[in-house]
């Protein structure tokens, strides 16, 4: 432990008891990671392997780190964003002998140094988020990069970056697109982001959802989860899409459908979930209603173009914790939640534990697969059989089972 | 017209006025077929082409036939199932000069003859349902089969049959899997079967949905639509699945999840939607509660194994129109709706018009594509661009639009 | 039986077998009437009493008639509206010895005679619907009216009429407002009318509910049930109210709120549920969209002012069974379902059986209370204890129980 | 202002800027209090009147205080519970000249002194919550009590206490049961407690609602709001009731119904909302599942009998902020949120602003009515006309209107 403390850079080791409690709470609600994954890793494939873990550093992530360490891996941890690090959780990890480079209040420059410190531990395997570590290794630590055995990646955006590396002939190892596993994107993006985003917005604003008109920009899995929950709580979602098929699904799901130009003037709340940039940008500012609230549920901090808004404003005031009001020259005020960052993480608690239990099980299984070897360089997804195993483990934790198809139940196409 | 009447076999030409009204009502609620498709077909590609249309013969189908005929095609029509033919609609088609071979009360032997009569019209293009005409042509009319330019197919099951033909090297022309278009399966299977099945069950039974425990066997698009609507009406769906990922989605959608063995004893209603065979079969009979109602929403009449039930019963009584009660030796009674056939068609009105507007637009576009040529032999899907056009036409009919992505909104992965 | 046949006026005694099956189906789904009520009536209070039953004459009503007859009552039956009589059910009642005066196709003049024939049986107790029999006895059969021991009444409107009689000093006997019992209005108006109205509209139109904009005029229990179910099926209800408190509830339930003038131009479907007159009247005709569908779920045939519409129309055509299209001079067409009558009864199956099980249990208990005596002249409601007994019987039929309050669970206001 | 500071007891006047921002945020979302109530109070009825305001002291309450002060009242404020006081809000009130006696960290003994200090200001009018000030004045400050002109009361429990005083002949002035106004209990208890309780539980636990089995104990307005929102978020509510009518409503609303004994063993979460005592008490402890979470949404801290639980436990650990785990001798752990206090207030943000806008409008109108006089001693409710005015003001703030009944729309019972 003292070794880990020497190698680590954290805020205060004395915070460890609080972190331990938080990890224990996460463990209680993570049966798949704590049981299924733990058993799967017991084959020794990770024994003595150097694993870098760069994900938002809070209790759920820390649980994954401990399960990896219990399986024999030498785990080195950093946060995938400085603002999301929980210092007491970092302390608890160091206290149990895991090397950590992360503090909440350090800012982006120090965070970059932390990532390079992780790279310098020469990991064989990386569990990444947004490909933050992998791309930095490719650019700044070519030798360590060349030594990588494999990478598993959490997000759509990170997978896109890995694919870009592969297309450029610069991915000399196999990568696992955890995001593309059914147990990740079908649950994390829809139920996880859905609940946590609504919760964060309620928490930041103390406003009533019932009766709100909410422009939901983007009707992918995230937008669907959001619109479903908002409607269920009594709001009227107005879906803005670029794909007519998705827009038609939104319409038949009972939502209003409109262009941004049509939707914005009557929206009380606007939530972006496009995965792209500037979903709400300079050309939309004239359309926003006085008092509107803007929140982002998509990957990029740039879905709401806060820079454009700041350029147009005569004054910016923090009117409540996590809410800034931009006073526009014509007297309208526009409120931005959590600075336009992912509102469920930057302005809330992040995903519910049970969702990360699935997502981290996928990451852990992906890492284990890479450690066992046999994958070509390129971007892979865990097999459907493994995906089903994870889902079955989750169901089993709730005491639920699925049926098996009997021989006489298969459809035999009529003789031709 | 008199020519058409001479060539046709229908019940009674005098029924035409009623059929015309039904087609007109369908037209009013089919803006995509009546406007978008009509315009698309105006390029003359179908002019003078012989098109066979073999789908459930009722008003919505008849509308498609008239739009094809208006575009210059020589259309010959039969029903894809004898029991679903509406004689007055058939009469209306003949009355406007379209050849039809179909009557409701004729039985399966005559229906087979009707299909062969259609084959003998030597169609170039076939719009098929369940590949009923195509497979018969392959078997019984090889010369006509060899002359086919292309086939479009409505259902999952039919597409599987076409793929089997292709795999066997026996599909010498291109086929369009209409079912695989987004505008078909995303809407037809979920919203269309969902609403029409619930409606049919309410209509047949006059029972209250609120408070019912409903075993939904299968959680594909059909099962999802069903479970969503049933829950919304106050029922408690219990989802039976073989795929743990789908089962976990059901669980997080708020439904109960169980095996058939667990679910059946407390189910008031059982709906099968598996696409397979014997979802409720001989080994389940002992588990059914007294008074249970069995209904099928999947393709095969064999999802509920009515034969096994009949074998076990001491008596079968029709207790209400469309409801048969099987008295089991131990005193339990089991009710089967619509003889185990697709309950929304055999025991109800079939899909809502607006849904068939989408599905038939896909069929019409597919047929048009095949007529224009350029497709290799094998199974194809209409292009995503055409899919989006159809969805956009539907939205436009409701006065709705989608946004366009501006240049500054695309995600540029960070420089690598 | 032959006596009953001699005294009765029905369509055809030969239809009895079909009616028996229908009554048996209703019995299977009416555990409260068939068990709880049957046991309650076993005390002999109804033995030999003359009971007139004037409610829509179909299977559920007939079940009540048989339970009353089994308890020893001499039951005489007529329908509360000629169009809702099921001739085969009437036949089955006569076949088992109950006197019936009702045929479906007889028209209003004959129906009036049927009611007077029932009055002439000199009933002691009346189970009434809309106070149709009671008000006629007051007017046309004063002697028989004077001999009444008591009346139970099904509907809000009928109760209002009884109260008007009482206010005018013309109600010399006790009446039970069955409608005011919790087990009636909390369930019948909300879940019963809700489901059956939506079902009837789907059945008559074959249209898709998802995506519809529906003006719901009136947000009482009926309007709430309707709006809840429509929203659940993917429609967008727009609630029109005169009471701001109810309108605000609608708003927080997630519905749009508007005046009729605002709501009508964009409504695809308009459903009236006000309990008043001319909710859609002459002054609204200019606001209706071309193709709109009008349906009534409230008591009066006059909620949609069909007369005003007919006066404005240049042509009226039945475009589908149960749907008339009024062509207005400016080219718009307006569709009226079921002639503006209660759409769930005149255009559908009426309430689900399980709902009538509750409502008829209330009527039966009310009748029994009146037979036992002890009530002053005036309008009464069954006691809360009886109301709870009926609800408990329904729960028990589903195997459900409620808790009992223990002594230590009662709130003791802090010592003052 | 310096005068107010001299007379007040608060934590730190320097916190005022933060409090001002919070009040301003509340004001922006309180159009009824900020506009309608402000205008209504402009008649001078409160000018120079001494008003005591004893409600949870946070921004929404403070807004009411400022509106009363702006109308000329001399307002003296204390919190209705020490733990809910926001010190910065108290500071902001003092800073604008309003006398306050309240600090968050002071404990119950000091809080009692604060209430008596308010009593000693000899208020004429009291705006109370739980009758906390009124009952203390009755007991400890009889002279000041005798001088009261009137009291308005927020809660069901407080109204019960006032009624008990009246029944005991000890209420010599009129009281307004704000809770009994439609604009209070129809909205506050259902939507307000519903949303804020679910939000608080999500915030405290970081758990996923989808898939949870939740025992909802009590199906009054609070229980209904809770069950509706929980079901909408994917949970399965199991309703525990003592009233069969309410239980049957729950059943037809789609929820499970069970006794506590049946429901507890499988509940992941238990929420009490009975308004009584010991809904979960000593005799239930053996039934709780390991890991269960207990939360209270009812008035009394005693709905979950924490004392009994503590007596049975071998250890109590705070496992997360606001969550205590009681280790039972048999190894099960039971988690209690917010110490069993009202979880939405003690463990969350309290009601959404828009809900308190309605509730405080009712309180303000009630206070104004009492100031204008004309009410007899006893417990009153504001008139339905005032209730409707408040609802209409809320609708107007959202740009919504209701219809007016025209002369030809009233139901005229058929001539008798």
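Here are a few things to note about the model shown:
Lettered A, B, C and D in written order, each chain numbered from 1.
Criterion: contacts are C-beta pairs under 8 Å (C-beta built on N, C-alpha and C of every residue); 3 or more make two chains touch, one makes a residue touch a chain.
Since the structure is predicted, the reported quantities are computational estimates derived from the model, not experimental observations.
Summarising the inter-chain layout, the chain whose CA centre lies farthest from the centre of chain A is C. Centroids of chain C and chain D (each the mean of its C-alpha atoms) stand 40 Å apart.
Our note on geometry: chain A versus chain C, Cα centroid distance of 54 Å, whole angstroms.
Each of residues 191, 208, 210-211, 233-234, 251-252, 398 in chain B touches at least two other chains. Because contacts link each chain to all the remaining chains, their graph is best described as complete. Residue ranges of chain A in contact with chain D, taken from their complex: 21-22, 24-25, 28-29, 191-192, 195, 199, 202-203, 206-211, 229, 232-234, 291, 318-320, 323, 349-350, 352-355, 398.
On the side of chain B, the complex with chain A involves touching residues 135, 138-139, 157, 160-161, 164-165, 168, 170, 182-183, 186-187, 191, 240-245, 247-249, 251-252, 257-260, 262, 274-279, 281, 283, 300, 387-389, 391-392, 394-395, 398, 400-406, 408-414, 416. Residues of chain D touching chain B in their complex: 208, 210-211, 231, 233-236, 251-254, 256.
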